[in-house]
Structure formats: structure tokens, C-alpha cells
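Before I ask anything, let me first share the structure, which is written out below as C-alpha cells.
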Amino acid sequence: MNFQSLRQECYEANMQLPKLGLVLYTFGNVSCIDRKEGVIAIKPSGIDYEALHPEDIVIVDLDGKVADGALRPSSDTNTHLELYRAFSSVGGIVHTHSTFAVAWAQAKRDVPIYGTTHADHLTVDIPCTDFMPDKRIQNYETETGRQIIDCFFKLHLAPAEVPMVLVAGHGPFAWGPTAAKAVYNARILEELCKMAFLTESINPETPRIKNSLVQKHYLRKHGKNAYYGQKG
Amino acid sequence: MNFQSLRQECYEANMQLPKLGLVLYTFGNVSCIDRKEGVIAIKPSGIDYEALHPEDIVIVDLDGKVADGALRPSSDTNTHLELYRAFSSVGGIVHTHSTFAVAWAQAKRDVPIYGTTHADHLTVDIPCTDFMPDKRIQNYETETGRQIIDCFFKLHLAPAEVPMVLVAGHGPFAWGPTAAKAVYNARILEELCKMAFLTESINPETPRIKNSLVQKHYLRKHGKNAYYGQKG
Amino acid sequence: MNFQSLRQECYEANMQLPKLGLVLYTFGNVSCIDRKEGVIAIKPSGIDYEALHPEDIVIVDLDGKVADGALRPSSDTNTHLELYRAFSSVGGIVHTHSTFAVAWAQAKRDVPIYGTTHADHLTVDIPCTDFMPDKRIQNYETETGRQIIDCFFKLHLAPAEVPMVLVAGHGPFAWGPTAAKAVYNARILEELCKMAFLTESINPETPRIKNSLVQKHYLRKHGKNAYYGQKG
Amino acid sequence: MNFQSLRQECYEANMQLPKLGLVLYTFGNVSCIDRKEGVIAIKPSGIDYEALHPEDIVIVDLDGKVADGALRPSSDTNTHLELYRAFSSVGGIVHTHSTFAVAWAQAKRDVPIYGTTHADHLTVDIPCTDFMPDKRIQNYETETGRQIIDCFFKLHLAPAEVPMVLVAGHGPFAWGPTAAKAVYNARILEELCKMAFLTESINPETPRIKNSLVQKHYLRKHGKNAYYGQKG
């Protein structure tokens, strides 16, 4: 096993982050999973994107041990692993410190569903977790994953339908069936956060769009009667 | 008929959208009409701009049937068709989710005419439609067109003089005599939305500019005594 | 006379406007004057920057008649001429619709001198003219120049020391000893407008910086004891 | 001695400023120190970045006299020297007029520690100095350094742990063990200022993140148990 295609998928998704303006310097990381082999591929810790090569991507097993690779994996690896274990539909995960998403996370607010750009991607407010209690901080990265999982459990959210979250005081995570789709969702999240910020500035009394319109827009792009995009 | 020049006009106008920063990923679409042939050319649904070729542009007749082309047309095709039928002066239409225009549409506010940059292009506030009643959502795209038409009818607006609109909770549409001019108007709309947002932030009591100045600026660029630009 | 060097100076300064993000499409114009020959060079009206060539620049005499060139001069030519006549130290003038400067002009507010970036360039608030009275609108462009001149007269401002102004409801003009320096001042103006907007958002009670600091900063860069930059 | 490597370090760090969007025109300057030789290298005053070459960098001794180089050093040289004398751990210093940092400096506010992006880099609010009293303005650049030093003394801050500051009414300074690290800190500072501005706009009641989380995040990247990045 040399995990070449898994590394390549992970590498290409990571390289999208600076191109899309979602990261500064070494911020951010993308992983993807091979559930059959029981491993994930993830960005090495603290490496500049312009110095990153496909062979630098670290292969980690589901217990967090390096299975292949010369470098240390992202310090956020345990958050990724926690999410892969709990969210079985997820194939790729991304964490960034993108500006508008961090601002909402710091403000500790769910992002209200104000329009169809939002409803094209998810049918509910983008959730923001609680702040982490002190006793959990010791295992910070694992507990960050659990904060997200608790938040989804409490709000009865399905990770396949709500592919993004804000961690209070920290920043965004997004996911999808592939690493590329996870990065897509991270970019959309940033845009939704910017639009919602501007919307509230223009009209502080803006209501959420009503559910009938939310459902219509979401089902244009998702589910068996979707009619956006090209067939199969 | 191979509709080559119509496809080319449509293709080039679509390719301006990412270049002008008006769209992310597959968002947005431009169409143009050949009224003599009774067809429109429109972007295929869900195709990335960097993967788009002139021959991918779909030719659709005025009943919404594909007349030529291998791909599915934009899911917004029926909105375009509804507008072409009602607005006989229109030769090209564009729909985007550009950031500031979406923010005003989500805030469900007309964009006040605060200055001459606005008056150079239209003499009234940029109108925002009502929210769509539930009973209309079934035929969503056609009804989106009708929302716009109703809005123009109610406000006594002429589409040749007001080449842009915000659909409440959704986003902007713009049009013009050609696809290129429609895209120009979409870019101007985004800038006017940004300027109005900033203007209100700097002075929440900003009045609209008075009509005498509006008329002067508009007539510098439009009508038989226009003196902006080069002669015929 | 073929005015080649005057045209070249004007052309190069105009080409800076899109590069510096100060204009969209055909917006904006730069001129420069040859006071000995009694002519100015100015951008032709309604021409895209990417289609502009040095030989397209129009030479206009001080009465507003085209002295050389095949194209129509900018529709704002009479504003430029009015300013050149009144402000004898000015060698180049620029007009843009840059976003933040337009927002302050639409908000009809002077830009308060909040910091040393501002004081490095001028020692007073950036002035904003009054709205134009209806009776003046007939000769709009000439009267725009007079609005600026009246504003400077009323506030006892010297154009050599205050090289920028906002025209209420319209947008910015800037000038300098050369066309290049005028464009520099237009870019600085846009940045000062953005900084002041953000400053007020962060602290609505921000005071102006005190005059002792204003004078110190201004005199670092201007006057006989200036010590910024390289010697003569 | 030709100071070639010191000049090269200084040159490369200066050239990052326009690339990172932290400066306009000739604004800003970076220096670095060779403490063994008792000299610093610093950008020459008023030179455009695109015209800058490594050999233009000026070598100045710790009394402020030019030790090598044909050009005048930055007018801010005495501020740099004052900081090098007081902050013995510092190897490089940068001054910019970056937009969001200037806005906070003009608003004369410390930047509150609202999230982990901030805590990854420092554990306290980014300090803002007092306004300079009139009697100090005579020796403006030296006194700017002293304002910063007084501020750190008063707040019991260690420059090695708090590598950035805002000078009230003026703008940011940042530093680090090398010129490159100083520029990194200046870029982070600008991002933290933008994020904090947005955070307060989204939720004016946003609390600071609690100290337990601050410490955890800071110690992930700093100190002997740091586990971010690659080993030695």
C-alpha cells in the first residue's frame, strides 16, 4: 500500500484552500478517509501550502497513529478522527480560519438562513457549538470533535444534510462525501457568513426566509427529484 | 441552423461572470435571445465556468424545449423565458448570487438612489420584489419571472430604463439589449449595492439625491441629447 | 505640435486607475495641463481602459474646444478646465467613482482627520461640497468645478495643500502637480475614506487627532524641513 | 564588512509587504538587527517597493548614524532603534499602515481576544498605546518607540510573547526573532483586527474567550510542550 490516490485527493483539496482565499500561511487542513483500509490522509502540521507536495501528506490510522509518512500530521487530526467515527457518511473534512466564518464563531451565533443561496446548500441555520467546558480542554482536539457531535445530536441534525458547523470561539469545520466537496462546502460557508453579516447590517430586522421556499430550493439541488445540474 | 453566433455571444457573456467576481463555482447564468428564430441561448445547468465551451451552450425555444444542444439548460431557464416574453426590449438576461446584491435582496429592501453613480444608470431606486406566496412556489422559476413582472407593473417601471431587480430572499437579475450589456448591468448593480450599504453605514440619515440631479445625470448618458461616449 | 509627451503623461496616469482598483469599465478620467501651450490632455469619453491608446487622448484648449484628436473628450472636461483656471498650482486632475470615496460623498460628510495616514497628506478633514442648487444644474460640469472652488474659498483651503475633495452626492476629485501625483492622491483618498469608515465602526466616539500631531506628521513630508524620502 | 546577508534578509522581508497587501506605495518599512556588529538594516525612506534592490537597504549603527549605504534610511529609523535597545529578544521590526490595524489604532482601542486565531499568537488583547503628549512630539520617532515601551512596561507585557502593538492615532508595529517573523506577525495582526471588527459587528456583546482556552491554544504553538508544526 502506498496510498497514492488517497494522498493525491488530500493534496489537491488542501491546495484549493489558499487559492480560494480561505487560509493564511499554514492555517487550515483537509483530510479524506479510506474506510476500507481504515486510514485517513491529512495535511502535515505547520507546513506552508507553497512548500507542500503530495508525498508530504500523512497517512494516519483510526487510532491516530501514523501509518505512513515522514512528517507529523496536523495538530487537529484527533478532531477529524472523532468526526469520521461519528459521521459515517463523511469522506472528507476541512478546517479553516476563514475570516467571516471565524467572526460568526467568535460572536457565538448560528448563521440565520436568510436566503436561497443558503437554502441551496442546507435547510437550517448553520449551527454554532457551545463554548467548551474547562474540564474538556485537556483533550482539546478530540473534545472539539465531540462538541460538534453533541451539537448535531442536540439539534437533531444529519451531517449528510448539514455539512458545516462553527465551533464557538474558534472557527469553521466543513465536510462532504469527498475532500473536494468538503472544501466546496467550506467556501460556501464563508460566503454565507459574509452575506448574512451584510444582510443584518442593511436590515437588522431581516426575517428568516420561510420554510416553503427553503424546501423548494433545497430540493432543486438535492434528493431524487433534484433538477439542478446534469443527469447522472 | 447551428446558432453559432448566438452561442458565442452567450458563452462570452457567461465567461465574464467569474472574471468580474460575480459568481462562485457554478452559480449564475446568462442567456440571450434571437427573437426572429424564436430561441434563446443559455448556460447549461451546474457546469463550472472553467469547463464551459461555446458548444455547451443550450438552445431552447420559447416554450422551454431544448432546440439544440446535448446538455440540460440552466434550472432558471423558465425565469429567463418569462422575462423575455414580457419585456420585449430585452436581448440578454443575467442572474447571479453576487454578494452585496444578495444581501439587499435578503434584507428585502429597495436600494435607494443615493448618488450619481446610480443615476448614471437608472433614475429610481433599484426595486426589490415581494416574497413569493406559497401557492406560487410549485412553479418556482416561472413564478420568479412573474414576481419581477408584477413588481415592474405595480411600480410603473419600464424594463428598458430599469435594467435590474432584486428578488426578495433570493438575489439579483439584470438585463439589457445584449448579453454583454446585461452582464454590465449586473456588475453595476453589485457596485451600487456596495456603495449604498457603505453610505448608510457612514450616515444613516442620508437622503436620496434630488430628482433634478438624477435627471441631469441620466440624460447625460441616455436619450437623444446624451453627450457621454463617442458619437454613433 | 503633436503633444506627444503630454498625451503620454495623461495616458499613463489614466492606465493606473483600473490597476489601482479605482474604476469600473469606462468610469473615471485623468487630465494634465501644459500651461505654456494653453491646452490640457484628457481621456476620451466612454472608452474602455483596455482599448485606450496614447493617441486616443484628446487635446483641448482652455475654452473647451478640441485642439487635436479624433475623439470626443471626457464629458467631465469642463469640470477639469474650471479647476485648472482657478487652481494655478495644479498640473493634473483625476475624477473617479471609487467605492469608499463615493460612499462618503453620498453621505455628504467631510472625512474627519482620525490619524497620521491622513495627516501625512493633508492637515484638515477632506472637504465635501454642498449639494448643487437646481439653477446650477444646467451647466452641470462647469458648475461642479465651481462647487469645488466655492467650497475651498469658503473653508479658506489652499488646493496645493488639500489635493482632494468630495462632491456631495457624486464622488471624488483629486489633483496634484502632475497627473501621476493626482492619481496618487486619488488612491490615498480612497484609503483614507475606508480607514475612517472602519474607525467610526470600531469606535463611534473617535476624536480627531490633535493638531500638534497633525502638524508634525505633515511637516515630516512637506515644506522646507521635510525629512521623509530622499534628498532632491 | 558588506552586510550582504543582513541586507538580503531585510530586503526580502520588505518585499513581502506589498505582496501581503499590507502597504500602499512607499508606506511601511522592515528592519533587522545584527546585535554582534551593532547595526541594523532598514528600508530607505520614500522608495517604491518595485524600485527597491537589496543594495539600497541602509545599514545604520545603534546611534542612528548611517554605517553603510548611499540612501537615507526610513524616517521611522529612530523608532526601530528605540525598540531594539529596549527589547533585547527582538531580531526584526516592521511598521505598516495596514487598513484594519490603522482603524483600531485610530479608534484607540485594544483589540479584544475573541478567539483561538488570536490565542494561537498571543494570550492578551493587542495593546494600543496612549496618545503622545505634546511635549514628546519634538522627537517624534524616538518618542513613538518610548510610547510602545511605556505601554509594555505599564501592562507588564513581554515583547517576546506579545509581538505586536498599535500606536494610538497612528498604526501598527510588529516584531519577531527575524525580519520574516516580524512580517508574519504584522500580517496576523491585520487579520486579527479584521476578525475582531466583524465579530463586534455581528454581536456587540461578544465576550472575550476564557483564559483556560487561551492558554491551551497558545501552548499548542509555544513553549516546551508545543505540538504544532514539525519537530526541530
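Letters are used for the chains, namely A, B, C and D, taken in the order the chains are written, and counting of residues starts over at 1 for each.
FYI, contacts are C-beta pairs under 8 Å (C-beta built on N, C-alpha and C of every residue); 3 or more make two chains touch, one makes a residue touch a chain.
The structure presented is a predicted model; accordingly, all values stated were derived computationally and were not measured.
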Exercise. Along touching chains only, what is the step distance from subunit A to subunit D?
Worked result: 1
Exercise. Which chain has its C-alpha centre farthest away from the C-alpha centre of subunit C?
Worked result: A
For this session: List the interface residue numbers of subunit B and of subunit C, divide the shared ones by all numbers used, and answer same when the ratio is over half, different when under half.
Result: different
For this session: Express in whole angstrom the distance between the two chain centres, defined as the mean CA positions of subunit A and subunit C.
Result: 46
Seminar exercise, completed: Rounded to the nearest Å, the gap between Cα centres of subunit A and subunit B is 33
Seminar exercise, completed: Multi-chain contacts in subunit B, i.e. residues touching at least two other chains, fall at 201
Exercise. If you go through all the chains, which pairs of them touch?
Worked result: A-B, A-D, B-C, C-D
Problem set entry | Complex interface listing, subunit C residues touching subunit B | 24-27, 44-47, 71-72, 75, 97, 99-100, 102-109, 131-132, 134, 137, 140, 169-171, 197, 200-201
Problem set entry | Contact footprint of subunit C on subunit B as seen in their complex | 114-117, 184, 187-188, 191, 194-196, 198-199, 201-203, 206, 209-210, 212-213, 216-217, 220, 227-231
